[in-house]
Amino acid sequence: MAIITFMSDFGMSDHYVSAVKAKILSINPGLTIIDISHDIEVFNIAHAAYVCKAVFRDFPKGTVHLISVNSHGEKKNRYLAAKIEDHFFIIPDIGILSLICEDEPGMIAELFTTAGKHTSFPAKNILAKAAAMLASGSGMNDVGDFTKDYLRKTDRKFRATKRQISGNVIRVDHYGNLITNIEEEVFNILLKDRPFLVQFGREKADKINCSYNELDDGDCFVIFNNLGVLEIGINKGNASKLLGLKYDSPVSIVFDDPVN
Amino acid sequence: MAIITFMSDFGMSDHYVSAVKAKILSINPGLTIIDISHDIEVFNIAHAAYVCKAVFRDFPKGTVHLISVNSHGEKKNRYLAAKIEDHFFIIPDIGILSLICEDEPGMIAELFTTAGKHTSFPAKNILAKAAAMLASGSGMNDVGDFTKDYLRKTDRKFRATKRQISGNVIRVDHYGNLITNIEEEVFNILLKDRPFLVQFGREKADKINCSYNELDDGDCFVIFNNLGVLEIGINKGNASKLLGLKYDSPVSIVFDDPVN
Amino acid sequence: MAIITFMSDFGMSDHYVSAVKAKILSINPGLTIIDISHDIEVFNIAHAAYVCKAVFRDFPKGTVHLISVNSHGEKKNRYLAAKIEDHFFIIPDIGILSLICEDEPGMIAELFTTAGKHTSFPAKNILAKAAAMLASGSGMNDVGDFTKDYLRKTDRKFRATKRQISGNVIRVDHYGNLITNIEEEVFNILLKDRPFLVQFGREKADKINCSYNELDDGDCFVIFNNLGVLEIGINKGNASKLLGLKYDSPVSIVFDDPVN
């Protein structure tokens, strides 16, 4: 049986998280449910998409990812099952899908809503059931009608020229580290052995570090992290607070005059 | 084997939650433990009872619900097992039982306390053992002595006349939504197709919405929620902060002059 | 199969916790993972060691304890497996081992780091794999090379004379209770039926209570707790805030003039 992962903006002080789990286990008591996070910032689709994108491929293929963030977010109240790279996603149709995956999903189904369109708790009454069914071996056509229609949102992208990569902070993590949308792959293509400067706030760095801790405590590090994107932090410190940078702050890499 | 659910006011920064789980798994490694919440406000019995009541029926019958909130709350240090609607509850005798269920529980047993009455960690030394035994198939007489005696507390109730229903906020949830004790069933009986006004703080509403999101962002909604009680919120906003209402704030529904 | 426990300073708002679990379950989907805490204060080794020491023996022998706190904390980037009292620990070599266990561990292995020494996510790329292998039946020699070398740190200890025990607060728990390093066993040896005074901040107590709740709400209690150490609290109150005491504050027990 497949694993179900569960992410929400429900927090942990109400019954919402456990009601969804109860529903899943009532349908199939043998299912394994792994919490991704219930501390997603309330209504924050970008936060949910970032965390989901960062981790879903670490789970075995066939895993069902249930995401309930801002579940009441769009007036039309559509709920989707989607298949991306052999993972299943059960989500409200509020744009997360397009932020997780730039390509078109392999298959999308609009979930049946036998519970009535106007349930005040769709995560329990619609999403949990579909997730439990898929994880128990049902097909996507058992949980909804195939469709091509889903809400597309556009992620903020870095811009790159021969001379410069301009990006943004896309996440301030639990440590205060600043994770950007500047990709290692693009940096490597543009570098051509030239000197460069990473610019963020009032700071500059002229090299990329290999690890968090080759520097002394309190020093600033700039690395390409495990996700393959530029991350700025302060060893044993909170970079966001100490550098005054936050979500959406600009970060750029400027290369020396173009070669040739 | 039955599921054990676990709710406490322990928080997650100490060893308390995992010590209880370790005890349960030491008795029976095959048991499934589902966290309800460990963010119950410290010593807050009303919060615990609200969350428990909102979710316990979603679990399969036979589920064992371990609740350790304010475990040292009463001087007599009694701990109970109780059976309500084919669910088992393992709790300190501090009044939660009467707040979860208005009817008399089907069976109550006072737990054996072989660990000594004065343990400083009853959730681990008394409650965990009883929960693991019940979930593994033991009977209530294996974990304690049957009794009729338990602490009764009275929940704050709404008052209803032909002209008005007067209630209170019983929970401000993670989103800042205001959940009241005004029941949809009572409203429907009293309504008789009359116009009405829902009054809360300085605001008034003259209709009940069907869902959170039929309104625009920032608008106030008034719905009967999944639990069948009146809930007031602000679409994409924090109603508690924006309306200045909190736990226990009065909410009323006033009907037009009585018919006939 | 053995249980894996998991403790970190990752918080729950990023993908870090679930990425480690995904790795473990990809290696062996049948493993049971129990969260100890992911609310360990960032970089705080003493907090991690306190919680680990307080709970690890409650789990069945053979349990694998994965600890990722301050994982990038030391420049040499070593990661260890250790066997203590038939429990396994998978940890970065930053001194936690010596704080959990005063005796030399039975066996220590330095983990293989095939993922490259400079991974920015060692909990996922190094620790998770070793934990999954040990919990699935591999030997310590399958996950690393045996070694005697590990970082030793010294815990703050109480000092005891015939006349006085001087200790410190080693943890302020979720309730604000003050947990000290003064051991019940030492107190009992030195007591010799003499009167004594427990001194903390501006307060004094001349007896040890048997339980949290033999006093009235708001009264101060002094007990030897479930861990066998002196704990000071206020019934239904936050002792740390109300008494102005915190981590490292001095606490002492002064006995009457020595006998004979």
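By letter and in written order, the chains are A, B and C; residue numbering begins at 1 in each of them.
In this text, a contact is a pair of C-beta atoms (placed from the backbone, for glycine too) under 8 Å apart; a residue touches a chain by one contact, two chains touch by 3 or more.
Predicted, not measured: the structure shown is a model, and the values here were computed from it.
Under half of the residue numbers at the interface between copies chain A and chain B are found on both sides, making the touching surfaces mostly different.
When chain B is laid over chain C using CA atoms, the rotation angle comes to 120 degrees (nearest 5). Distance between chain centres (mean CA atoms), chain A to chain B: 33 Å.
Within chain A, no positions touching two or more other chains are listed.
Within the complex formed with chain C, the chain B residues making contact are 9-19, 21-23, 25-26, 29, 42-43, 72-75, 77, 117-121, 124-125. Looking at the complex, you find that chain C touches chain B at residues 3, 5, 32, 34-41, 47, 51-52, 54-55, 58-60, 171, 173-175, 210-214, 223, 225-226, 231, 235-236.
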